[in-house]
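After this come two complexes, each holding chain A, first together with chain B and then together with chain C.
Right after this comes the complex of A and B.
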């Protein structure tokens, strides 16, 4: 199954990507899915990362489904 | 009416503040957050803000709803600008209307503190000799 993965700010700079497609096995947890993505872009490991699934902060226990929108970013700094 | 918006256009603080004026209210407290020239002694040339827009709007709305549970306030408006901002330009406006001023002051302070922790927007500080994506404190 395929998902969309979004990067912003520092994570977009580190990966050189803003949006990619990623394939996973069925019924993968968010924790494992994000670990696989970080393995593909090891420069992300230099940062403390936050994760979102379908525009909500993820705690890792979510089950990823085909077509989901994942995002990886650093601690926010708006305001 | 509550409102939560993200824009690339300059913000008109007075116009945004006066959009929340229910008749039972007697005060509006508005935060005008703007680009600071010096941070810890280092001179900023300009800022670039980037956001995960649909999620940022959802998180802003959650904060507004939570603030209305926590404080005796009537309405909340939050508008954040993205893109390149020069020194002194407004990056965020938070406006809170309440029957009495104290709750609006407290809610406005609570909202900006929470926004800086949870709303997915990032700023890049650009200096004469480099640039850095600012990382929040979580």
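Right after this comes the complex of A and C.
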């Protein structure tokens, strides 16, 4: 199944991507899905990452469905 | 029926420090009576002398105001939650103002000035008086503080507290529109005060020329109704959050990075705080500042005006404030997105069992006090580099900035390898020769040295302190500073 993955802030710099399609096995948890994404982009590992599934702050237990929108972001401090 | 009464932070001191108290009751009134029987000090804060609930105390069962139900007769079921929300901290500043004093009158000049607000039913005469009665504290007069300050003064906020300690620099003018060219070199606080006062002489500007610290924040915050976070670094953002939570104030937040902005209203008594969203700060140095990473000048204009908008709505008691919502804005795609947030029950400052009960050392919390990197990093000043170039013909200078920065200014005879490519292209650096690594200000070059060393580069690498900016200051002023 395919999902949309969005990168915000420093994570977009680290991956060189802002929006990609990602393919996962059925019934994968958010925690595992995000771990797979970080595995593909190891430079993300250094960051304190935050995750969202379908525009909602995710704690990891959510089950990912086909067509979901995942987002990875970090805190930014500029002002 | 066992029900849980949630006690707001400012009242916890009267409830033995507890955030939740369970009682047996069939109605809301009975639950509150049992609560005040246990904690007598709480009684005078909840009830007037006549025995009725004070009108600035709002009580909710679930998410409904009991005034919309059966008031104190509202029935409660087993497991229900009763929330006490004092309007002092709970946002209905109008109710507080009314309870304590009449709202201030508007002069004819003010009526003419605010005419476009007055004819809006959502603001009207009463709303405009609430704005006049309000005290808003803005932290920072930089990219975010500039537009939000201008609009808050223009909107007729009665008292605007302004905190800044910085001096106006030429590189600020691309986005910090509260300051002008004539202000370069002046304290930002003086420049901001002049501009705000010019926009609206009716607004009382309280200027605090100081850095916000753990020592002064609570004292400063307690006299204001709303706090606006326009700072530019993580330690101060955590400080602003914690001081807002401890004093029970809403924290209207905005933050920017290159083309992206974030905004929210953090308000522990009504929802999530900054720490619920960001429990831990990022590792130091990982997220570039505006000075290192650049920022589109218009971006803070958009995010700052969103903050001003929310400040005004908080004061007016409007619905639809950015509470429990994180707005993510991408100026390059021109796209707004929103994430739903939840209060984190385990939040160390606003959760059910808070562990942070006073302000802490925020530099340390954000890992900025650890001089680890400096110990292992060999550095050289621009002047010393200039001497070294003359004495060591073998020297190689590596510039780790981006090609578009290289176009603006460069040190002669350098090799450009942007930070992102430095590990993959390390073969282009001869480990048998001495290397000096530089960037704009010395942060990225330190990262490059770190990355090269971690990936097994064996040659000697020296960081140019202050980067090409120091080179321009100390060696060759014809090299443009940017």
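Miscellaneous remarks
Criterion: the second predicted complex is superposed on the first by the 75 of 79 C-alpha atoms of A that agree within 3 Å, B and C clash if a C-alpha of one lies under 4 Å from a C-alpha of the other, contacts with A are read in each partner's own complex, and residues count from 1 in each chain.
To be clear about the criterion, contacts are C-beta pairs under 8 Å (C-beta built on N, C-alpha and C of every residue); 3 or more make two chains touch, one makes a residue touch a chain.
The model shown is predicted, which means the values in this text are computed figures rather than measured ones.
In the superposed pair of complexes, A:10 makes contact with chain B and with chain C alike. Of the two partner chains, chain C is the only one that A:46 touches; chain B does not reach it. Using the contact criterion defined above for the overlaid structures, shared-chain residue A:56 touches chain B and also reaches chain C. Of the two partner chains placed by superposition, chain B and chain C are both touched by A:78. On chain A, the surface touched by chain B in one complex and the surface touched by chain C in the other have residues 6, 8-10, 47-48, 52, 55-57, 71, 73-79 in common.
Only residues 33, 49-52, 54-56, 58, 80, 91-92, 112, 115-124, 133-138 of chain B touch chain A when the two sit together in their complex. Considering their complex, residues 6, 8-10, 12-13, 47-48, 52, 55-57, 71, 73-79 of chain A touch chain B.
On the side of chain A, the complex with chain C involves touching residues 6, 8-10, 18, 46-48, 50, 52, 55-57, 71, 73-79. The residues of chain C lying in touch with chain A in their complex are 140, 142-145, 229-234, 237, 254-257, 260, 262, 277-278, 280-283, 286-290, 293, 295, 300, 326, 328, 330, 333, 337-342.
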